[in-house]
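One chain, chain A, appears in both complexes that follow, with chain B as partner in the first and chain C in the second.
The block that comes next holds the complex of A and B.
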């Protein structure tokens, strides 16, 4: 409690000092500036293809998520319009992102974290896709090219994080920037439409104090610096997938 | 026996064909809501004849460039076709969807018997709450055709404004 007060005080102090837009505090007394839309993810010219010069990733500080990531999931729903499928059973409903609660059996210590597509560097979902629909963009974003997805759902089986879901029913009134429809698989695409415009993903915007987003290839980016300092754990690191989404405090 | 059977069959086929011809009458141009579309085709990204014959190829090329390479220019983008041409509501104020005859894309696709599946996934009308200025009026600065310089764009003539503003006839039947 008191600790949080101190942080809040520091945050206000720093903001009033330097006009820093958003400040994330990670570890004891280590202060980081989150990637701001203006600085770190500069908008790519709309007519240029993405390159592998950048690799997008994020670090989620679970200790800063008081709601376990529920606000991040809600922001994702709102942005892409999933989760309101009328005729699907609960197990069939879309889940681009979800709050997972973990409990240590021995100590009963438990915490929650938001789990979405981890944007693996070596994605198993891409390996198994028979059509090439499950794909990794040059900048590391893994997504489904729904134009050529045949709905076989191999990728859903291959993903170790259960990050993908399948649309079981006809949809209407999708968001213009996020097409989704029956018979195709979908998953978190890191808000690719926003990144291409130089905006932060919706979930990052919803939890500015807990998430740092940026370029993993650039050793000086805020996200790389934060990981250098506090480390960034992968879920199921034993699989060696080198995920783009990392966690602190798990 | 065979001939009797075949004549019955012939009669049935004929009757069925007449029935089909009756209900499958292609919509006449006068039935369709083309006034706005015609005015807008003047400022379309390609000449009208190119769009008519090649829009599917342009869209096909564009979709791969967008999904795979992240190229998000407005030229040949399905989203922009919709922003410019599709109205959000029917004349009675209810939401307009691809299945409705007045939907810009449907007006033609019905006439040529084309069944497309773009709109199983893509939004079939502009989201007016996100962009109130969604539909480019003639000469509006929002049009992608004026990216060369908005100020240089010719102001719409009185006749053009009238054409766009006139009530759309013969739409919902």
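The block that comes next holds the complex of A and C.
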């Protein structure tokens, strides 16, 4: 009897061990998967230049944005600290991202979407900038070099998405990772500081179920696969800018 | 009657000279004050926003720049096309061109978010940018105009007179093509995106530049007590009419094609019919006061050789030119960007609505400061160097006709 109890204990122990092992295997699989997704935006060593091997982009599924993208906009605002200028009028305040409601005039079909810099392959803002301050990184991120921006605002005239803002007043208490300056132009930079650290942009983190971020150059990346399946429409596709931000459900 | 030689002479020192400088100096001081105010506080003190990013200072700047290239035309007609009656006015023409361009550029530069970074703009070029080309074109225009003046003033440089004149004329055409293309290359905005912007700006420059030249010529001669005959002024009078007609022709072509193109129909409808202040500025400012009224004053038989009528015609042409630029610049930005063709859009950041813009007094002061600077340069220029013929009376210019 005692002997049988010992066997029973041993059997239970081994089964428990098997269960733990099974959980461990499944768990490790999940961890591996997550690591793989994060691997798409592996941190860039600071001493290495950006290359065009990757082109960063995102697919925003508008149908899954219950708030129309308000949480994404709020996360961007929080991350970069724009829009709280003290003296500027509403039309003068910086906006890196905003929720736009669209209603078709004929069908009355309506949807909302967040509109930020679309990170065009052929950005008009970069073409027109006289000093080259408005620039596209090799990995497709469009941003402003604020050291050589003269504040001419020609890029704002050229942007079809109203994605750029001019800073109308002196700023204080800026985010260390997102320096801004009076008299220069700024816009969404796809949270370049996060991407270089191997993290996701703040807006993507704020809507994990609706946004897939990754390398558009890699046909096997999650974002490329998703776009291949569901498509990824551009705003003002007629302009032929081949935007890095794509939408599903518009 | 024996022909008289053209003699160039500096203007005399007089109370009027200093009085004029004091008046213009006051405007310069106001312009400087406006600049420092905006520089210190930031552009929130202006009426410009992130929806209307170029405002009244740009209207003044581009108006002066456009007028500058046009002012050189009087000299070019004499040099390039060999019309002798225009040749005595060549020096003033080039001086006015340089002065207006510097006046315009100073407004443009002082309205930058970072005017302190001018050296970057002058040394770091993105050659894909029409703006960067323009920086080179402006500097080249100043240099060529200066050389052109030199060939007119220095007998030793006379052999290069024609060459310099042709170079300056060619350069000014390219320059104004560049100015018009600043807008023509903007694919994002329906009101701009068109190749016709370049020739439109060229013909605008002909009209505005000549109108400014007529005003400056008249007042320079009347205030210094020098004779200025009808032969010269009537030539300029009918030339002005031709240029105003040219502007009307190209504006007509632009708007009619815009109405035909579905993509542009919305913005054309806005500017021509529903745009409030912009529609009024277009029809009343540009077309009626800026074009039809000057044409009437020029062609009215009862006003033939009437100097006052010509001066009013020139004044209203300048006014119409500024109204036109205001409509193009501000009206084009006031009309909302088309994010989704065929759909209504709205947001908490002024999507889908007509953007408001009310210029502040600071912007007006800065713009007028640029005008004052141009006029100071002309006033001092004719005082210290021999830009003005002693006389442009009919007797003097007739043998050169």
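The criterion applied here is as follows: the second predicted complex is superposed on the first by the 213 of 250 C-alpha atoms of A that agree within 3 Å, B and C clash if a C-alpha of one lies under 4 Å from a C-alpha of the other, contacts with A are read in each partner's own complex, and residues count from 1 in each chain.
FYI, a contact is a pair of C-beta atoms (placed from the backbone, for glycine too) under 8 Å apart; a residue touches a chain by one contact, two chains touch by 3 or more.
Fair warning: this is a prediction, and the values are worked out from it, not measured in the lab.
With chain A as the common reference, chain B sits beside chain C without any clash.
Set against each other, chain B and chain C differ in how many residues of chain A they touch, and the higher count belongs to C. In the superposition on chain A, A:182 makes contact with both chain B and chain C.
By the touch criterion stated above, A:94 is placed in contact with chain C alone, chain B being left untouched. When the two structures are aligned on the shared chain, A:47 is found in touch with chain B, with no touch to chain C.
Judged by the touch definition given at the top, the superposed model places A:174 against chain B, while chain C stays out of reach. Once the two complexes are laid over each other on the shared chain, residue contacts for A:137 go to chain B alone; chain C is not touched.
When the shared chain is aligned, chain B comes close enough to touch A:193, but chain C does not. Contacts of A:162 after superposition: chain C is touched, whereas chain B is not reached. Shortest separation of chain B and chain C in the overlay equals 11 Å (C-alpha atoms, whole Å). Applying the stated touch rule to the two superposed structures, the overlap between the chain B and chain C interfaces on chain A comprises residues 170, 182-184. Per the touch definition, chain C reaches chain A in the complex via residues 41-44, 48-54, 112-115, 117-118, 120-121, 124-126, 128-132, 135, 182, 185-189, 333, 337-351, 355-356.
Interface residues of chain A facing chain B in the complex, by the touch rule stated above, are 44, 46-50, 135, 137-139, 143, 145-147, 170-177, 179-184, 192-193, 196-197.
Interface residues of chain A facing chain C in the complex, by the touch rule stated above, are 85, 87-89, 91-95, 98-106, 115, 124, 126-132, 148-154, 156-162, 164-170, 182-185, 235-236, 238-239.
Note for the complex: chain B touches chain A at residues 63-65, 67-74, 79, 82-83, 95, 97, 120-124, 126-127, 130.
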